[in-house]
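Heads up, there are several structures right after this.
Both of the next two complexes hold subunit A, though its partner changes from subunit B to subunit C.
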Partner chain A sequence: MTFKYDNVYLSEVSTVAGPYESKGPFGRYYDKVYNDFYCGTKTWEQAECRMLIDSVDMALYKANKLKQDIDLHISGDLLNQIVSTNYASASIGIPLIGIYSACSTSVLGLIIGSNMVDKDQIRNCLVSTSSHNNGAEKQFRQPVEYGGPKRKTATFTATGAASFLLSSKKERIKVESATIGKVIDLGITDSMNMGAAMAPSAAYTIYQHLKDLKREANYYDLILTGDLGIYGKKILREYMKIEYNIELNNHDDTACMIYDLDNQPVYAGGSGPVCLPLVFNSYIYQKMLDGEISRVLLVATGALLSTSMVNQKLSIPSISHAISLEVTDDIL
Partner chain B sequence: MDKNKYKDLVNKYSPKENRLYNGLIAFIIGGLMGIFGQLLIDVYSYYLHIPVKDASVFMIITLVFLGCFLTCLGFFDKMVSFARCGLIIPITGFAHSMMSATLEYKKEGIVTGMGANMFKLAGTVIMCGVVSAYLFGILRFLIMGV
Partner chain C sequence: MTFKYDNVYLSEVSTVAGPYESKGPFGRYYDKVYNDFYCGTKTWEQAECRMLIDSVDMALYKANKLKQDIDLHISGDLLNQIVSTNYASASIGIPLIGIYSACSTSVLGLIIGSNMVDKDQIRNCLVSTSSHNNGAEKQFRQPVEYGGPKRKTATFTATGAASFLLSSKKERIKVESATIGKVIDLGITDSMNMGAAMAPSAAYTIYQHLKDLKREANYYDLILTGDLGIYGKKILREYMKIEYNIELNNHDDTACMIYDLDNQPVYAGGSGPVCLPLVFNSYIYQKMLDGEISRVLLVATGALLSTSMVNQKLSIPSISHAISLEVTDDIL
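== the complex of A and B ==
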């Protein structure tokens, strides 16, 4: 399912990063950085709410807007009942659509927002997402202080929050088109190797996007997948070649970019819904404004992991959504 | 692509864990833990003038305390990531699993948080421990008659 948009623009972005991310390669590009996992609150879940609120405030501040200027807020996170989003929204006070699509939440939010802006149902909307390493470990894995050994293919959930402001007012970066993916399950049951679970869904979404718009992969300057990790990235490229006969030469994975993989204890790289937005909103967004990159395809990959279902010996389904962003020069 | 073919592709790109290295580390650290435990038993029985049986209880109490204390200070998870089963299998690992789960749910109340989740990891150990002790007890009785 692919949409094309005529008048949706990305007017502002914001990032709030946690302690590990701020020591990564893009540390100096983040708008706000917390050096501890509690962010001045009492629990990790509340810390995630804090970061989400900060990222919304930061986006509004940078765009020089007030909360009442924003028509809609679309947000999601990893925790059960998307609690970070719900509790943060109580103090943000903008009409909310809460969504869950694991680590592909950010792009799904952008697609929903873009569709509504394009149809003139709303003038603008904020799209946010957040995740917290310790909160996710507590919910999906073992207690944080237990520190049980992990395999090399495991990924490290990023801590932070990020927001996008979409608007129908002309800006430099245009939301050009988007593709909604479908759930794909190729039988991976290992929750320590989620890159392998997600790679086929990323491949399908990229293939479908290129096919629907009759494009070649090199139409884009950069195809950015979400959180496949070092090994998932290799699997995606090989799978893409075998299954769809597409060579990905202009591809990178944000899981491999967000941390200093040689010096930080992050196994196969980053993950979490905030991984892709943190990299895009900080470094790539700036590169686009500087004119170094003009066409980017964001492919957020989500492993729809449930510990109950994995314990019942079922495999991990995954879904990926893609959105294409282009620099337009006709307005400036 | 069918599931088996994909599994082969995943295996091709997934790194192998260094089992020999992990095993050696666990063996050495676990062995050192054993020596430390024996040392504690000897020290307690010599200086406190108590039977070895009582001294070994004191040794367990000391190790459990150390495990819990280091977990609270935030060191033990880093030690576990290095030593792996060398620290998880001894009694320190049991104390650590209970303490880490308790710390995790501290903010969710004494009954609904700490009490309900304390045995999240240790419950399995107790269940397996009791069942296997029972089975080996029967085996021992059948073979040796005591």
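== the complex of A and C ==
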């Protein structure tokens, strides 16, 4: 399902990052950095709430807004019952739409918000997401203290939170169009190879987006998926070519960008719903404002597994959502 | 955040119910009933997927539509990573918005869908939710086989699935307005008393809805909350009066309606995201079509706890969302 927008702009973005992310290539671009996994709280779950609240505060501060100026908050995360979002929201106090779409949360939130802003149903909204490496490991795999080995296709859940402020007030970056994906399941059962599970859904959503808007892939300066990892990225490009006859030459994947893959112990790269927004909000956003790139398609990819379904030996369904951002002269 | 709609109608509804629900007062009104908890599958999680798929198929069948006629599916459930929704969606194959709002999922989905239908961003959408007693007990509390005793304030998670079809095509029941709630946390830590945790959020959302639309509570023939239970229902009415000076005389709660409270072992009543839609879609919907009641405010109430947050002795945040449905002559 593809939407075109006339009236939605990206007003502000914020980033809060954890210890590993701050030592990665974009370390100096994050708005706030924590050097430990507790962020001044007693548990990892509460640390994730803390970062989510920080990212909302930071976005509001940078946009010179108060909470009461914001009509709606759309947010989701990886924890069971999206508790980072829900517990943070009790102190944020903005009407909330809670979503779950694993690592495709950020773009799904941006689409729901853009639809409402575009038709003046709301003046503006914050879209947030977060993840926490140790919290995710404890919940989905094993406590990190066990020191269990991992395969090279595994990814490393990023720690941090990020928020976007959407508004109908004209700004440099316009939200131009978007595509909501379908759940795709091609039978991958290996939860240590989520890039392979997600790549076909990313391919489907990119194909559907280009088809609905009658565009070629090179319409975009950059197609940015997140987070497939080094193996998933390769699979996406091959699958895109074989299945849809589309060459992705202008493509990168945030899982392969967020860390120094040669020197940080992150296997096939980053993951977690915050991975793509940490890369976009810190680095790509600025490149767009600076006029270095003008058309970006963000494709957030989510593996929709749970431990109980993996234990039942079921395969891993995936979904990807895409949103097109464009530098515009509307503001002039 | 309150919305008014001009162009959204409730085209069809469906219900699939489990063994306890089918023996309740609305048993004969459900579209499909399973007499065991497995629904022909091997696990409770897969049984819940089965019921969700059934409810979508049933709604499409009753509306004389095919899957490819539907633009969007909005769905959520209680299981970790909303796997009932996500695994069902792999076979349903309609573009998906996955949401998490605990037992307020149905109305949140209806609001997101109504906003898009109202402005012709989509022609129609299915909104679904599901829950499963044994699946929820295993995940949130203890396996039912343990036979652990419960306090009288506990509720009994309903087993079933329900779908709504929203469309801009004129029908007897119009979606008239809606209010997205805020997360409220007044410090209740007892996960066996979720009615008490949720009542203040229901009160806030009802108050905000009436205030935004400059209405009195008696504007509605029925304000239907779900699912507070017998204690939460009482707390809501008292709290409404003390905090907002509003008398709720036209109020009922689906937790107190779905079972025969005198003869079924359900403690303070039903719960789970499917509780409210099972009651509405089977019984109240027909009463509206028959012209017996014409204005209904559905207020779905969600307790946003998780086991890890309860184990950390944190209190339980809650959220409620409201949607106004009205019998209309638009169709004539």
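Keep in mind that, in the parts below, the second predicted complex is superposed on the first by the 331 of 332 C-alpha atoms of A that agree within 3 Å, B and C clash if a C-alpha of one lies under 4 Å from a C-alpha of the other, contacts with A are read in each partner's own complex, and residues count from 1 in each chain.
Keep this in mind: a contact is a pair of C-beta atoms (placed from the backbone, for glycine too) under 8 Å apart; a residue touches a chain by one contact, two chains touch by 3 or more.
Computed from a predicted model, the values in this text were never measured in an experiment.
Of the two partner chains, subunit C is the only one that A:112 touches; subunit B does not reach it.
Shared-chain residue A:170: touches no atom of subunit B or subunit C.
Of the two partner chains, subunit C is the only one touched by A:87; subunit B is not.
Of the two partner chains placed around the shared chain by superposition, subunit C is the only one that A:122 touches, whereas subunit B remains out of contact. Ranking subunit B and subunit C by residues of subunit A touched puts C first. Contacts of A:151 after superposition on the shared chain: subunit B is touched, whereas subunit C is not. In the superposed pair of complexes, A:239 makes contact with subunit B only, with no contact to subunit C. Applying the stated contact rule after C-alpha superposition, one finds that A:231 touches subunit B and leaves subunit C untouched. Of the two partner chains placed by superposition, only subunit C is touched by A:97; subunit B is not. Looking at the shared chain after the overlay, A:193 reaches subunit B, while subunit C stays out of its contact range.
In the superposition on the C-alpha atoms of chain A, the part of subunit A touched by subunit B in one complex and by subunit C in the other spans residues 42-43. By the touch criterion stated above, subunit A contacts subunit B in their complex at residues 42-43, 138, 142-149, 151-153, 186-188, 193, 196, 200, 231, 234-235, 238-239, 242-243, 265. Partner subunit A is touched in their complex by these residues of subunit C: 1, 3, 42-43, 45-46, 71-72, 76, 78-83, 86-87, 89-90, 92-102, 108, 112, 115-116, 119, 121-122, 139, 180-185, 304-309, 312, 314, 317, 319.
Only residues 1, 3, 6-7, 9-10, 12-15, 17, 22, 71, 74, 76-78, 80-81, 84, 88, 96-97, 99-101, 103-104, 107, 120-121 of subunit B touch subunit A when the two sit together in their complex.
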